[in-house]
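Report on the structure given below.
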Amino acid sequence: MKKFNVGIIGYGWVASAHIAAINATAHAQVTAVFSSRPLDETELSARHGSTITVYDRLEAMLANPSIDVVSICSYPQQHAAQAMQAARAGKHLIIEKPLCFSQKELRALETAIKKAGVKTCVCFECRYSSQFLATKAVIDQGLLGSLHYGEVDYYHGIGPWYGQFRWNTRKDAGGSALLTAGCHALDALLLCMGGDVAEVTSYASKSRSKTFAPYEYPTSSVTILKFKNGAVGKCAASVDCFQPYYFHTHLVGSEGSLLDNKFHSMKLGTDRHQWSALAMKMLDSGDVSDHPYTTQFEAFFKALAAGREMPLTSLAEAARTHEVIFAADRSAETGKPVRLG
Amino acid sequence: MKKFNVGIIGYGWVASAHIAAINATAHAQVTAVFSSRPLDETELSARHGSTITVYDRLEAMLANPSIDVVSICSYPQQHAAQAMQAARAGKHLIIEKPLCFSQKELRALETAIKKAGVKTCVCFECRYSSQFLATKAVIDQGLLGSLHYGEVDYYHGIGPWYGQFRWNTRKDAGGSALLTAGCHALDALLLCMGGDVAEVTSYASKSRSKTFAPYEYPTSSVTILKFKNGAVGKCAASVDCFQPYYFHTHLVGSEGSLLDNKFHSMKLGTDRHQWSALAMKMLDSGDVSDHPYTTQFEAFFKALAAGREMPLTSLAEAARTHEVIFAADRSAETGKPVRLG
Amino acid sequence: MKKFNVGIIGYGWVASAHIAAINATAHAQVTAVFSSRPLDETELSARHGSTITVYDRLEAMLANPSIDVVSICSYPQQHAAQAMQAARAGKHLIIEKPLCFSQKELRALETAIKKAGVKTCVCFECRYSSQFLATKAVIDQGLLGSLHYGEVDYYHGIGPWYGQFRWNTRKDAGGSALLTAGCHALDALLLCMGGDVAEVTSYASKSRSKTFAPYEYPTSSVTILKFKNGAVGKCAASVDCFQPYYFHTHLVGSEGSLLDNKFHSMKLGTDRHQWSALAMKMLDSGDVSDHPYTTQFEAFFKALAAGREMPLTSLAEAARTHEVIFAADRSAETGKPVRLG
Amino acid sequence: MKKFNVGIIGYGWVASAHIAAINATAHAQVTAVFSSRPLDETELSARHGSTITVYDRLEAMLANPSIDVVSICSYPQQHAAQAMQAARAGKHLIIEKPLCFSQKELRALETAIKKAGVKTCVCFECRYSSQFLATKAVIDQGLLGSLHYGEVDYYHGIGPWYGQFRWNTRKDAGGSALLTAGCHALDALLLCMGGDVAEVTSYASKSRSKTFAPYEYPTSSVTILKFKNGAVGKCAASVDCFQPYYFHTHLVGSEGSLLDNKFHSMKLGTDRHQWSALAMKMLDSGDVSDHPYTTQFEAFFKALAAGREMPLTSLAEAARTHEVIFAADRSAETGKPVRLG
Amino acid sequence: MKKFNVGIIGYGWVASAHIAAINATAHAQVTAVFSSRPLDETELSARHGSTITVYDRLEAMLANPSIDVVSICSYPQQHAAQAMQAARAGKHLIIEKPLCFSQKELRALETAIKKAGVKTCVCFECRYSSQFLATKAVIDQGLLGSLHYGEVDYYHGIGPWYGQFRWNTRKDAGGSALLTAGCHALDALLLCMGGDVAEVTSYASKSRSKTFAPYEYPTSSVTILKFKNGAVGKCAASVDCFQPYYFHTHLVGSEGSLLDNKFHSMKLGTDRHQWSALAMKMLDSGDVSDHPYTTQFEAFFKALAAGREMPLTSLAEAARTHEVIFAADRSAETGKPVRLG
Amino acid sequence: MKKFNVGIIGYGWVASAHIAAINATAHAQVTAVFSSRPLDETELSARHGSTITVYDRLEAMLANPSIDVVSICSYPQQHAAQAMQAARAGKHLIIEKPLCFSQKELRALETAIKKAGVKTCVCFECRYSSQFLATKAVIDQGLLGSLHYGEVDYYHGIGPWYGQFRWNTRKDAGGSALLTAGCHALDALLLCMGGDVAEVTSYASKSRSKTFAPYEYPTSSVTILKFKNGAVGKCAASVDCFQPYYFHTHLVGSEGSLLDNKFHSMKLGTDRHQWSALAMKMLDSGDVSDHPYTTQFEAFFKALAAGREMPLTSLAEAARTHEVIFAADRSAETGKPVRLG
């Protein structure tokens, strides 16, 4: 028997990816699912290869003492409240992005989790991708020197061909181009640049294509960031484009640059007029089944077993990223730069 | 005998490129050079293959009625005054970028040229490059639909290995990352996006490498632009990077996207998950001898012969680009968005 | 329940592909199969995921009023008679290529179908491939101008390693290199060139390899076509080659050329000395499971629902292609050019 | 001193290429030029690096007994008469293609040369290209087995940007798409297929682009060939296309196929579903300065020294190719197949 | 019913690959498995699709007269004894590499098999890979001429991520870098070079990485070989590297060279300064499920049916390879060259 | 005026490359040439762009006190004696490889140079190539960890098409495959592996092609090396192959491997199953005009100015490489391993 039992909140597209990934780790299995829709326990257990109890009331699932962790895979607007409820029930938390929709909600969530003393894993799983593990290693080996400019962008047309389009177009569910999807790019930018953000400015626009007309909010935006250490960053997010999925990264430092899977470092004596290339699996799909959940959850369960916060995607890092997103969206709405605390 | 005689102001690296390009056109030849350094007429004529008179006083050259056009290749801080002086002498103008260093200078220059009734060619020659002629044709054929987001960036490390580094590091000669080199990218962005700019915000930083320490101004910057038609744009400029020269273009529209020499258009029924590729010579060098001066000058001389302003790089377009640069640099200095008239 | 019920005639390699494709559409399901071989209804239904009744008499199946459409997947020499029988029974028709083996049979078939008032889908499914949808879009966007020369060819060694080799080698089943397989290339050529054919000449030959000795007819041929509008075309078909499958396309027009997935257009200002490239899935396999049947059938069922003939592959287009093939084969046999009506 | 002295007839674009190539061989030098335009002997000698006497009368040059060989680089319509005149003067012959414009002229030329007992090199120099030397070696090593179908095509837009366009558009100078340029492809096809031609049929057309309107004859054609051994061939020639230069080769035999620089051979046990690739310099330019004249002339001079006809491009091979071209052009004009003797 | 019944000795990773491959041939099926671990007959039969009897005593399986062939898939140190026991029982033999661990054991094995009159297939299946079938064909067609130098190497990090690492690190099971895995490369080298080996010298070393510390023997070695015909060869074997799997081949002969899937041959007239490329599936994985067992076993069963020894991997070839390995390992241990008989 | 005057000994192919490279440095110019052939001073000075005095007696040149350095570009068998003579005359030395032909000569040379107190640059210039500067940087950054196996090889057919073939085929001029050319590869191997060599074994052979028959010594060899630190190396050298020039490098260490311009490092978190790629100019030509002489000489002159031995290619490193070569050649001749001191 593996160490941790996990209960899932919500049973949709993302939940399927979470269950598969959790069951694929060496340390945990899914034993419960809460869903407002009726589900067949036998079929569910067979499909996922672990014995799963189905609950139609969240309170009932949270009352089960054998459940150690809950994973929140519901609609975005439900994440925060359910996370606080589960924390109060003493469950450790896996929370799909976004955590919440405002700075105020974020503070409440942090307080509740801190008070409950539970550990958290927020699904900024791109930090555990082959691409960003390697990118981070290149930075940490000093091959780029000290970074003074960086951009990470997210281009991915989310139209009717995409399951989440059905609800994602609503302002209260999607939020903004950054919040609904671009958050992965902004989060990766903060991972790479390292320091604290002093100020952001953001401009937003929207495609004139009929395909994307249902969106209630601007679906393309560009945000620039001033870091406290003097560095500058930028994050574009577009969910209304017609093109291949592109998670664009360009980092400029005192010893070299990195562009996606290419780099140049003065430390390796290579030809400055051509890029060297790193073998890595690129983030080239928005499909959650391609995302590195298993690696991330493995790290979370190891940290839980050791009684520590997990590396890279604990609440602290994720909260920092959300604060920057909220500031950026406020800037786009108000038309003014927004300073961070 | 070709139609137009051209006098060159200043005799350095850029002048050599201009002379070769002018002599390579079908309509003009260089017949005079003004330089404060002593030059040997015979050797100069032999090197460039046309009979060249050398002047050590600008007034003298401008007084020669056989000269139809002057090309201003002096230090940047001399461009504006010399251009006004030549215009007053009735000469048509080829002016290397930048035109000048402030909005006020720009207005004075526009007034002087208008009063003199001469025609102007400003060296934003990238508009005549294979890359941007093709990019513009793709936009004009409607393959991208209506653009709502675009970015064009300039990455080119200008260090001690580069001739212009000697004077370019000074604030009064280089000006800013945008003004000294990134202007080509900003100009190309305006070409592609088409509409008028309503507002810009810019953040700037500087490499911590010793190599770039001599620069008196921030050598990397990122500028975001709000267009009057609702579209949004972005231009990064870095002259303090260690990497291959990169003129990055990414345009997002209602029918497709273009990324450098790659594109996708819903109108061609191609696979949205892969880029199609356009055969074009990329801008991949900061070396003026690689720049499409000949094509640009040919267009200028044809327009002169027809008594018209030239297409793409006349004073009007160039002035618009300079205004945006001045606004961006002011934003970076003041820390506030700057609106355009 | 989806709208249309389909009965299949014949149960071999092609039938499996048809059933999978029909069941994958949103509008129809296979509910019946007629086969002279005994089949197990339960196993068949399980394999294909729809409830299928098996008939050992075609009349019986055609008498079932719940069947809206029949799909003819029998041996080539049976297609025409079965199609007429099914039409008379009031069934709409999906007919595998070839329709028949002579101009006379073709006229009879057309008459029968017209009289019955049923709609028809002929399996020239390559018109619905990614490759030819994109190729056609490029032509329709005017990027090639007006075509004056075009060639589409079919190279695919059909030897003992291939299921259909067993019967395909017979003159009365295979017919000719064009009829048995090259018809897809000829049909694609007519799609691209657009106009009516005035005359064809064809030469044929045969490999000296023992592998292909069983064929009773020439297995390589080349046909040239004169169009009424003055354009010229060419189609080579070889089923006796040892090489990768190759569906070669080369179109030459007044604004550019297209070669397979490459093209040049004067309208895009790209470099004439290099090909631009279109992202498309190439036709690179003779395996029917790789063919775009689902797209084609979806279009057919949508047209049926709207009471219209389907686009691209209705009887009218297919009849035109067969007429040209019959003329080409007659030319190869008689050694003379053959004019079309 | 090298062995053979060569006199050049005509001094244009092609002559420059011939002189450079002849002087680059180990066995001959150019010592005379006949031109109707006045030329400066000193400048000519300096430019080409050999002492050259200029003649303004052909008779005078032919009367010079020190000249061993003449190379005929005049306008196409002059080739035959000048060749006969030179042969009668006892000079060995290098003749640019085409030899002449009719079967009758060809017979007269053959008779005159035979009677004079001189040796001939006809400029079908593509036979000496890296591409066709390797292609021929692959055939000769038996890697393709016995060929039963082959096509070699010529696509090269010859428009106003091309020197020869000035006169090439005239019927009496260019002749036909095949004669003016496509002859290289037809000649290469005959080289590869090996046997004698029994019959040809040809269809011709013309671009609707204004660029190519000056041509007085059809500028695209496709010709199919029946060989006496049962094999079939095809040659397309287009000088009115907008695309990269393309010398397309596709050979199909009993042991494998060759497509340009790719091949598959059953004898090498490689994967039949992928092409193997041959390292060779492709014919990818119509520019005579890229053509393998030196290799061809070296072979001619070696044969001369040995008193033999040269391999690959002697009069016999070239006459055969011309006969096929004349037959093809007659077929295109008459609309009927044409048999060869 | 297929002709030959096969019993498997040992049921691990390799056995699974053997069973699948044997059942995939047209001539044999697996009907028995001997394993010291208890196995479920029903489940085993279902998994492999043939009716399998499970034995827990080897003698019992060997006593079953319906079994024609045994395949030895046990631990390496058991191979020789079990092979002799099975041979004595009159069974034909499939033996996984290595055959044994010493020259003395090898002689005993050869004697026992010869005495029993059974046929043998030794699993040097790389000889049946696409890569070496093509490489051998290139040599046999004479395209490389006579070989005077050749190297075939094996680079494949076998660490804890690899199933066999568990026991392979032991000296008595793995033996040496050559014996445990590099044997495939040495065997391929002997296949290519053809002649008999006169002498070998070998040097060995070991990675300083902790990952590979458990190995009880040197895990990298390089061996050079003197052939009786004067040619020289070399084989490096490394199982302690961190890099992509690489089966490196470089052959140098009197007409050309082959490097992996690239080659140059003077006989094909291709460009000597670039490699031509052969389409072949490369050996790029140590995973037995990627190895060409089916092709090898098919050849074995065909030879059995014909009463002949199989080509390429019979006992004679494999014994020769083992002798060279034993000599190389003795050389590495003694520090002296070792001559072969 | 630049600091150092250089006199050249011998005026052939290599001398031309030396003179160009020396004159291209910032610190020295060639002012004298000694040659046994009569040379024209004026023409020589013009060709090389520096004023050059020609000497026909070496003593005379060495007696000129204005000459600081001599560069020895004579036949290999003259190098050692001339170097000692020049050293005695107090000249600093540039010496083309090889230094000498025996260990005894080497000792004498070292003694003479030490006694004279002059500095030395030996032309193992590949150490200054882009390829090995980058390779060394990768090792020095620790990306490969500690190396335990390495091979660097030299494949370059030196036949009649190559200038040095004329004398290089002689035993007393070429020496061995290693000495005449492979020395660059062996030297690079020692550079990469770092430690001292304990023992070598070498086997040699020769092509059966007529092209290479003139060679008086074995023209292919393979040498294996045991290092004192336990690592193992290998160097193959072939000057009798028909293939592209190939300087093959494969290094295996405790953190990764490098293969030519590809590498994998566990420290960068990249995908172990694919190679990352380094942008570097590869050594892909034996032509001395492609060799990095200028970089090497620049380093020598800087060291001279500072009164230090130069890095990478001073006498000490070169002597070590020669000792290993002499040992390897002795091993190939005696058939026994040879230990180094």
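Chains here go by letter, A, B, C, D, E and F, matching the order in which they are written, and residues are numbered from 1 within each.
One rule holds in what follows: a contact is a pair of C-beta atoms (placed from the backbone, for glycine too) under 8 Å apart; a residue touches a chain by one contact, two chains touch by 3 or more.
Quantities reported herein were computed from a predicted structural model and do not represent experimental measurements.
Among the remaining chains, which ones contact both subunit A and subunit B?
Joint contacts: the list comes back empty.
Identify the chain pair with more contacting C-beta pairs: E-F or B-C.
Between B-C and E-F, contacts are more numerous in E-F.
Distance between subunit A and subunit F based on Cα centroids, please, to the nearest Å.
Distance between chain centres: 55 Å.
Would you mind pulling out the distance in Å between where the CA atoms of subunit A average out and where those of subunit C do?
For subunit A versus subunit C, the centre distance works out to 48 Å.
Hunt down the residues of subunit F that sit against at least two other chains at once, touch-wise.
Touching at least two other chains: 264, 273-275.
Chain contact topology under the given definition, line, ring, star, complete or other?
The chain contacts form a single closed ring, each chain touching exactly two others.
Once the touching pairs are worked out, the chains link into a ring; list them from subunit A, going toward subunit F first.
Order of chains in the ring, subunit A then subunit F onward: A, F, E, D, C, B.
Which positions of subunit D touch subunit E when the two form their complex?
130, 133-134, 136-138, 141, 143, 264, 267-271, 273-281
For the complex, give me every residue of subunit E touching subunit F.
145-146, 148-149, 151, 155, 157, 201, 203-209, 220-222, 224-226, 230-232, 234, 236, 238, 240-246, 248, 250, 252-257, 259, 264-266, 272-275, 335-337
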